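What follows is subunit A paired twice: with subunit B in the first complex and subunit C in the second.
So, the complex of A and B:
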């Protein structure tokens, strides 16, 4: 950008931050409607079986219980909560309520009652008899069972098999990644009401309002003009509130009862019965030559969709494609098998498969460097993509790919060489450094439809209203859009209002807040809408001012003809004149279809300290370098990265949803499910490489997801660097680290 | 049962269920919904309020245990239309994303500064160890508190020089 930017590139505060610091903002949990009922779910306490009988008599008799819902008195239309647009095909295996129980946490019943206590009490009074069936919790076992095998995928370029077979140096790595809880601080919740005209209105902290509408319509058999989804204040999502979990059930109850119903979950329910990061078992073989050139790579992923399909297939494909967008590897194969297990349901989770596959491949790259006795940074620099290189499977152009620059700058700032070559401490605490690279996309171009319509209007006060189906998840989307619009018109942010998703009021958006598309695609639409509206304003103003369009100047909220700088008038006055004299509105509705899907890159450097007595790992320092194109709001970008690092440290070291041999979830609360807290959180330094991306607004590209991808492998590589062990399963808990240290000691003793 | 207590400087005498938790009374009976519930088990800190100067998880306290006590919730921070210095600093430092942890986070920090106006970074981290945040990675929250400490220190240091 040659012009000096006034609003873009500034760290202005989030639009609703005042309401958040005062506690005045209303999340769905804080909303109340007259005569509102409270609803609670009954979840299965077995992993697999069939319901033989449900006795609701005691619960029904409780005073204040309004109605109890089970599979017996609700629609039995199957749906898939992952389907976000009409025409997207995926196995539809979900129901409002199950007769077939597929995991510990499956929805058996719901109670609507006059108050919370009654709803909760009634749930405990429902008696369910099950016929238990054998369950499978291991994806490896599931793979051998045709009823659990869903599909397989392959992506390939060149002839990797032959090369790997004959290569002298082939480095193999195996890694298991776990199910993770999104752990948004706000647990899942939904409010629905039936309006007098029969419409069901749903208030939900969601990521895709049009998906909520679609899934509810499918499950309930209602036309779209009878279901209105409104995006409510969001208390954190990270993909966890992407697929509608509670909305269909809540909407059905409200529809059936003709009353407002609030359905809420506690933390335990949220952990076991919403969605999780898809677990994987990965194996990779990489052939390298002695100079560190990657000759070929073969990646195999076993993808555990959990009890229901949701996005199992989509996530398997998405992660595979990432393997072709980081290093120049001409000969590469990715194969995935997707299976069901009787365990919590997989779904979208920040990074959508990227953290899983990068953990495997980036640990493998370090293993290759170790085998060659080479600095892992050097090996990477030899193989990373250059700007405008081509995706080796013909995927969307990588664009201005600046990953090499990220590595080089990061190395310097982190002081990589010195830290890496420093002699290792002997004794209990050993430090090591590690790094990893990662890539992620910018929307759906090349995979799914990706467009959005926005309308923008300037009123008689010179204020602008941007109407579109956006969703602020707490990342600053609304403010980001406002900054873009403010820049185009040269007016302060408080003159711009950007409203959020409401399926009865918003112009259509094809994909919502997913796939790291919001700034890149929606932001580009906001820019286009603003530019078109500006052009309209200029056009009409030239007629009013009696000058050429080129002479119309817009400056700091004032408009004038360049040869009459003393006759400035406020935008609003000009709009009023335009309306009065020309009978025209300064308003535009425009659709923007994303023409590209460049790669965003992140490079993380980590220093970690391993306690060789306890296996405890402490992260001392993190440097996150990002190829972001341009930061519309650098403060938000840093915030995204720092939060993503917190999530990634948990993925690497402490967070896991696991089940026991009976399929019962072990980590059922935040006491057992360990997310990183403030004392354990390292300082995170952020460095942005802002080299601009052609199709991004002001050059911007994504950051929200890619920021959580590189951290886990960087940590594991730092652990390996410290104590020379192989971690083969995440999270690297103290037990696992200790075990690996012991294993290594035994091996080295045997060798001696 | 009648519950007499003081919330945000105002005396209340209300009829409250003997089994009600403090968080429910605050949110449901007094309409102070700024206090959030994230776990109901004392593990997330979203429900933190200040009772007689101490930061406490209001989901773990029975309302009747607060008889005669002085409680402060996030709604108390803004006084006469003016934000508390912590609130301002949270805004200026970008310490708020989804905002769900924010009320609890602010109250833990407030309690810290009430008993120790000059905490070290280590003490700040310890003070919010029970407040989980999934959005920010705590970095900007810690910076926000540090800035308040620094700013409040500035004039007192001047005093010292006089």
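So, the complex of A and C:
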């Protein structure tokens, strides 16, 4: 590896960008197979109950209806859609169709019909009678009910309880976080077909093709060699398409009917009946000394898994671990209780618990600074981890942790001190600044198996095919892999093809596009595969050229012996010679197991303006500073961060899936579910700290998830700085902000 | 919607022919930004759609000495850029410019907004404040004209029969002393449905408010005139003290309009923000300074 990089570190466009902007790309919604049927779901309109009867006669009588599926005529094998590899254990409580209704949106039936309209009409003709049961929507209530309690977790270092009991300064913060919809432009969709040999092929915009295969096999009772999952073009996921939701149902219909079936959701169905960000109720107590050293911390999280288990336990654990990887806190305890409620299902959502726990703890850090009369940046700098510090519970090494550098550089660029010390405006619109830090991981090392196999081949034209089970979710995975391979071989990107996941064709990948692992783990595998293939090419070329391996030069697509620079030949010609003369292929299959899981860091600085009359908050400016190791493609990195900030502002201010007292979802469309749109987006400045990470390809580490973690607490801290209020529940809607301002005014009037 | 028949009249005469054949399953399409969603949500697959947007006459904005006449199929972006409306119906222009997104304003029409009669509609309070008259075509080719307020019965309800169509909205051109303003509050700054909106028109002479109309939307089932607010500031001199009376009276109006709604707590406070927006938009240049808020 030379220091001068030619392909890595460059902002080249995404591989399929032209197809996307011209509309030529074929999403599953665009795919059509001969004799394809369309399928729709009937979702429950009650929150809890048992089906007494289902009358499908009217729907069945509709011309064009092929078959109607309910719990009565489908397998009743339980499964957990979160399980992504054989051997992973979790409570299996999902079914293709429910008899027991657990939330508003539970799957009751599906109709397969000859056209979309018939499928939709038939759904409205199915009559279901329920016996309603009492429902629980509050996690606090669920905690008191043994049937709703799932599990509890504890992570601990030192003796925090004693210290907190005796400490002079203990700062307590409570925060409720809400369920959030991923709001990918593409709603959930799946296409399945039964092939002549009995194989069920599934085309799906998914994050983990092997998980789709496994979950479908479990639910349908099919062997793995009869289920093929192919990752299709992805119209956005953000974790929402991580767990297979439609795939088992769609696959079953195709399997049963022997025909292709396309099952699709509209926005309302996607909001209520797929997955949501796991809601939490958090409490934290932090003991600090007068100088701002954190002495101990106790974090309690009540985790609302929603109606089904899915990853409730995993997300509770994942968020807890993050609390031990940002500040040096020797004495700390994290406890979590996980409960069911009769509300939409929790699942993976960008950050996987990190945004929830960091919102709680980073708001708390600011509260501590306020108590001490200290600049919150100063308090953080005293306690943040240094590079190569140790995880306080013996977790994976933090690696080249550059969070302090992020804070220090960010402060300067943002002009933190001046903005923070500026007198507050007197009037309707008041501005404030806030900041927050966050950490996230790089894959599964230390928690779950994390390896991938890739095969790489150079052909007779000097082109490279990288075959692996990767999934581009629109973040640039394919191009990232190509840049890495191009760098190793010194060939242009258009000479490299990287194909995506297909469980019948891809070598195995243990975990898919989750856990911020793709660049760090899969990218490292691509690097290893490229280096091994390069070594093979060099070895064979040395025999053809009659020189030592050290003398073989690869340069800009040409290969030659260093003492014969006038006898250059194209890679392809060399490959042809190798095949002809040596009967060898320039091809490698290599398995890479991740040896590390360093921490990535993000620090966000925010300036916000509060309309004290309406409670509306406007974000004026964001500076996102990232400890990224090395950006393989800085344009992609910036794109990820811009989008993550948009998502995080919604989490902080406006996005929420809530239910009424009857358990009915209130925000059933994007008119009611408020994502932040372009007019409300601030100027987002991105700053990358590129200090390299030992095990990352070219020093790279993750950015996809960590980028949406710090923004919400930074915003809440900015609001507090502006108008001196405590926000105790996200999102900080105008209603909540105005109420808090009013409460504060009443208190200050009483004091006067 | 495979069983929907689409009729595309190109003239008023052809529209009359279509209206003659109207039945319970006939729907007037005038932009479709609300109608299409409504049809889909109500699972309506059969019927007749009459598209009004092919009738050129209905897309014009014309004026004479007394009225600005807006064709029912004029889009909100047409309204927003019309110089006569900017001059004489500023509140309607302000309201129109804040409806949905550019794409929605390119399709959505004033006639459609009225017919849809959504309680949170932005154009309707402005039209009420401007004393707009709505002209309706009947299937016998006669027309009649009614004040906007009488056309809207309540949430999603209007007084039109199935064989009638809104064809024109007339806004009287008031004297040059007449000013107007509109403000709304949603959950974000743009592309947002009003939680509250307010339209106002006033005649001001020598610093005195001679006549005023204040209309509130998104409170209850239909937009309404806030008479007690009007009374509180009518025939009064513009001042900061008057602003306080205006604001407090608006809060009372909110209390009276939605006494049992869970949103009352927020709306009764947030109306102060809109009060300030509208009051200073209308009279700002005549008040000493912008009110300071603590």
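Following the convention adopted for this analysis, the second predicted complex is superposed on the first by the 750 of 752 C-alpha atoms of A that agree within 3 Å, B and C clash if a C-alpha of one lies under 4 Å from a C-alpha of the other, contacts with A are read in each partner's own complex, and residues count from 1 in each chain.
What we mean here is this: contacts are C-beta pairs under 8 Å (C-beta built on N, C-alpha and C of every residue); 3 or more make two chains touch, one makes a residue touch a chain.
It should be emphasised that the depicted structure is a prediction, and the values quoted were computed from it without experimental measurement.
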According to the stated criteria, A:615 is in contact with first (subunit B), second (subunit C), both, or neither; which is it? second
Touching A:679 in the superposition: subunit B (first), subunit C (second), both, neither? both
Max touched-residue count on subunit A (subunit B vs subunit C) belongs to chain B
So, does A:473 touch the first partner subunit B, the second partner subunit C, both, or neither? first
In the overlay, answer first, second, both or neither for which of subunit B and subunit C A:671 touches. both
Contacts for A:642 in the overlay, against subunit B (first) and subunit C (second): which applies, first, second, both or neither? first
First, second, both or neither for A:267, with subunit B first and subunit C second: first
Subunit A residues contacted in one complex by subunit B, in the other by subunit C: 671, 677, 679
Within their complex, state which residues of subunit A touch subunit C. 115, 117, 120-121, 124, 426-428, 611-616, 618, 654, 671, 674, 676-677, 679-680, 733-735, 738-739, 742
Touch list for subunit C against partner subunit A, complex: 1-2, 43, 45, 185, 187-193, 263, 265-266, 269-270, 272-274, 276, 290, 292-294
Contacts from subunit A onto subunit B in the complex sit at residues 11, 13-14, 16-27, 29-30, 182-187, 233-236, 238, 266-267, 473-476, 635-636, 638-639, 641-647, 669-671, 675, 677-679, 681, 683-684
Would you mind writing out the residues of subunit B in touch with subunit A in their complex? 27, 32-41, 43-44, 46, 73-75, 77-78, 83, 87, 90-92, 94, 96-103, 106, 122, 124-126, 128-142
